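Per-chain residue numbering starts at 1, and chain names A, B, C and D are given in the order in which the chains are listed.
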Amino acid sequence: MNKANIKNIGVFTSGGDSPGMNAAIRAVVRTGLYYDLNVTGILRGYDGMISGEFKPMERKSVANIIQRGGTVLKTARSDEFRTKEGRVKAYEQIKKNGIDAIVAIGGDGTFTGANIFHEEFNIPVIGLPGTIDNDLMGTDFTIGYDTAINTVIDAVDKIRDTAESHDRLFIVEVMGRDSGLIALRSGIGSGAEAILIPETKTDVSALIHRLGISRKDKSSKIIIVAEGDDAGGAFEIAKVVKDKFPGIDTRVSILGHIQRGGPPSCMDRVLASRLGVAAVESLMEGRTCEMIGIVNQKIHFTPFSSAIKHNKDVNSELLKIVDILSL
Amino acid sequence: MNKANIKNIGVFTSGGDSPGMNAAIRAVVRTGLYYDLNVTGILRGYDGMISGEFKPMERKSVANIIQRGGTVLKTARSDEFRTKEGRVKAYEQIKKNGIDAIVAIGGDGTFTGANIFHEEFNIPVIGLPGTIDNDLMGTDFTIGYDTAINTVIDAVDKIRDTAESHDRLFIVEVMGRDSGLIALRSGIGSGAEAILIPETKTDVSALIHRLGISRKDKSSKIIIVAEGDDAGGAFEIAKVVKDKFPGIDTRVSILGHIQRGGPPSCMDRVLASRLGVAAVESLMEGRTCEMIGIVNQKIHFTPFSSAIKHNKDVNSELLKIVDILSL
Amino acid sequence: MNKANIKNIGVFTSGGDSPGMNAAIRAVVRTGLYYDLNVTGILRGYDGMISGEFKPMERKSVANIIQRGGTVLKTARSDEFRTKEGRVKAYEQIKKNGIDAIVAIGGDGTFTGANIFHEEFNIPVIGLPGTIDNDLMGTDFTIGYDTAINTVIDAVDKIRDTAESHDRLFIVEVMGRDSGLIALRSGIGSGAEAILIPETKTDVSALIHRLGISRKDKSSKIIIVAEGDDAGGAFEIAKVVKDKFPGIDTRVSILGHIQRGGPPSCMDRVLASRLGVAAVESLMEGRTCEMIGIVNQKIHFTPFSSAIKHNKDVNSELLKIVDILSL
Amino acid sequence: MNKANIKNIGVFTSGGDSPGMNAAIRAVVRTGLYYDLNVTGILRGYDGMISGEFKPMERKSVANIIQRGGTVLKTARSDEFRTKEGRVKAYEQIKKNGIDAIVAIGGDGTFTGANIFHEEFNIPVIGLPGTIDNDLMGTDFTIGYDTAINTVIDAVDKIRDTAESHDRLFIVEVMGRDSGLIALRSGIGSGAEAILIPETKTDVSALIHRLGISRKDKSSKIIIVAEGDDAGGAFEIAKVVKDKFPGIDTRVSILGHIQRGGPPSCMDRVLASRLGVAAVESLMEGRTCEMIGIVNQKIHFTPFSSAIKHNKDVNSELLKIVDILSL
């Protein structure tokens, strides 16, 4: 299988961490060892590549980590790697350590860097989509998304307990950068009365009108707002609601970084495991500059350029059911 | 939209319960009300249909249930419905209560009954796949499967803590009737050293050989056994392992009914919500005798006969990665 | 036992909700029924008492609620009850509904109101400590405290995953009003590097000095801040830290209302159950104007005036171990 | 403070593992380092002591373990240590490694061994109560008990979902060896209809009579059985119930080893942290052959002989409320 004659695979995580990255690292390491390759862990993403923070990975290095959030290889955003000088240093370290292929786990910034690095130094790189935001083309779900939406609904279930007890309106802000995908599924899953996402125009007046109607039936309400929504974050929405509905007892909750941690869900662990195996096998087959995802239950390859450049569409059926179920 | 001129939809759950059934009931009720239909809850599946346990469903009947395991409509397996007399009684109750279309949430037994009922009395029925076993054709995942595999890995994570502390081998039995799909994904997700499923021949000698090899590296081991495995359940496997590896400190854990309960995962809530909306809309469009699933992220219809008659294949890629990652 | 010849007990929850209130309501209702009393639920605390929102409680009214956060009787803070007119209306409703004794579940504001109400109208009232803040004299723990600190450590465990991955400092703000007890135990339990509470003077310079020292050993740090801390909340602390340690990558997380919800812990359910039983029995014995707590594993009575007027001391041993373990 | 002139503390875990052992190890290590002592980890309890599995503990050795179940020092039950020869070997290893005081974390078997070891070789030993069973005199709660009962109620909450949906009776067996304390509190906390413990005579006929009465009100029922109950385990009880109540749909669930693992609760982490600090300080003060516990919120010392020889009484008030609340 090893057409590309790979001997030593480097693996790192970069950008924001997401639950399941450890499961992906474990899969890359064990698959490498399964095929009698060496595997080298690169710490702190591109920064560690530049400064030479490398360590050989054994089977034991990844024992008992599949269930842990975060990344044992640590992660960072690197300014230095954006400079040519930084990348030259990184390549020298790669060469010095005998690494002849790389698995990069991260998001669009990670792949952009990997793409340039390959163009400049011709080192094969395969990318795995590790981000809670699910904002990458070429995979149905990114590693960490499923865990993040489960964390959100667990938090909103708790918030609903107190919202119900006090007949309150809660505006809950969730992560996702400029994507509404975390908000969309976690909003449906938590039975939210409204979901505000950047992909659709947020009309606060219409929202208030709708809330006014549904108010007859139920006493407490949850609005889920994506942090990147066009109408602003939870505090901005709350301000508008308070101005127009002064009688409603309104509270804001910013869920924040709990969404990035915790033991990964089963689906995230399985996804990460499958992608980690596929990453090593694709490098051995001579592939490069592609992100591996799962589309329709099958391994799927997408050139870095395509994974990066497009935003995912929001499923219009999901938008419709929000309207039907929340009234 | 209401081509079929539906006025009153009956909804029930039948067979083994699964987390997300409540989310499906909620979606059916709210979608019915959204389209100005009446919705009638039928308690205890076909048994309640026969004995006339009906109640009108309001918006409030399904408030605050999306997050709850089990089914507020209760469920049962009905012997009486297997008789013609039973079905006649059921139909009389249906007529008496003015129900002109039915949403049946359950598994293959549920759909078999619904199919016969439609043939005999020409009442339109749409089925939703509610079972933790994921053993139905026509949907990537059944309602409850995702929650069940998350419950399993949470339990196995706990078991691994004590397995690691004592260097023990645990044989953990999971549900799934004659399907290995719960075992397969939860086994990968929990980092099990071996996964025994009915779809593949279990060779205990080979297994023991493999465990012997991997024993050098790691001290504790987890074997996940599907309850329907051809080599028997956890106690049978444990007996064989103990006989051949008397030195290994072996324990058995039968996870049992915790796998059926608990708050549904986000994906199960979203799946159930989507299917509940689609069920009502399809009845209004005049469809009948079909199970609705999600295939490749899209709503998918399968005639009851096809949903029932075939077993799902096991993804061969998943089987392969078990071998690679567990060694 | 029924010396006081009680026939109909009213029960309500008031003030901020806390997990375990439902378990307490269940215990009051079932104990009343066990002793052949009537039990009347009063909705929305003193507000519902004034407006006459009463409902008879049956065994079924409290079935399957022991595990739920929030309060099925809802809760509110009442301005009207602070007026004599309000209390007169409330008493008329109490008389009209034949209630001859009351169980009030809440915090110090609840008991203050109950004390005045008893003085004015001579209706016996027993209080149960329902607040996550644990800030009441006369009980080792209040109903909800144990759940809240478990919720905090679960959240901080998740935050630590991402803190570790990025070598970040997180300032995490927890609830507690003017009490540091949530911060203290959850801070020890989450292995925080520093815990800032209102009961001790917060010296940010000393804190920074200490963090500087410990920085050599570990890369990520968690500071837990009680919302009532003298140095301000998390955002204020973060500002100071950023000013003095510009190199540290700092993030803020306000845990917020998730701390009020969720299924109560076992200890909270047991505590609430014991107190609910004792409340009914004490009213039957003719007691009034006392809060019931558990001190040293035993039922303990405290006059409302004493429960209200003193703040709990902070255990000095706990403060000491923070210093030892966090360095 | 260091009156005893301790220089190197050995720490180990022994017997069954329990959640919070890692928090105790962390506290012992950090407190030792805080007082400028060396701390040596002894692996696998007395077995590792005999075979010389020692490792120096640094601050980093215990970083990020406070939240993990199990024990990083591993644990075992040692037959060899019961022999004089075994203990002589153990002492030689202790001497060779310069260990002059020991912290032993475990249960009664652990302390019995420690007591003999001290008598024979005069090495100071302090014990910490690490067992989920809560069966040791001299402490209100043992390390791991609170987590175990939370794990039980979480499992029973799930089981209740399916019990309710099917109107089933579940017999759930929990751990505790010959103690009913896990069953008692988790039974109250899960709202069980009956709790069967070894400390009280189990009268199955009376139980069935009681279940018959309560059957009118509620449809599903949960019986919690301690594994050491005088009437046998869950399967035995189920057999009797099935014989006498053939109409009841009965299921058995043996919760098993999930009760030993998982992230420790906040109270267990705080308890373990307090005890770990106190253990090191007591050794420095010259104490030996005592178990440290918390009684009435304060550190409490109990000679090994007293901690071992008596069984804890069952709180009669708790027994009474089971009767009141479950009817």
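Note that a residue touches a chain if its C-beta (ideal position, glycine included) is under 8 Å from a C-beta of that chain, and two chains touch if they have at least 3 such contacts.
Because the structure is predicted, anything quoted here is derived from the model rather than measured.
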item	value
Selected from A-B, B-D or C-D, interface repeating A-C by over half of its contact pairs	B-D
Euclidean distance of C-alpha centroids - chain B vs chain D, Å	36
Rounded Å distance, chain B centre to chain C centre (Cα mean)	39
Centroid spacing, where centroids are CA-atom means, of chain C and chain D in whole angstrom	28
Multi-partner residues of chain A (each touching 2 or more other chains)	157, 160, 164
Touching pairs among all chains present in the structure	A-B, A-C, B-D, C-D
Sites on chain A touched by chain B in the complex	26-27, 30-31, 34, 59-60, 63-64, 66-67, 140, 146, 149-150, 152-154, 157, 160, 164, 185-186, 188-191, 217-218, 263, 265-267, 269-270, 273-274, 277, 295-299, 315, 317-318, 320-321, 324-325, 327
Partner chain B, residues of chain D touching it in the complex	13, 17, 19, 21, 68-71, 74-76, 151, 155, 157-162, 164-167, 170, 251-258, 260-262
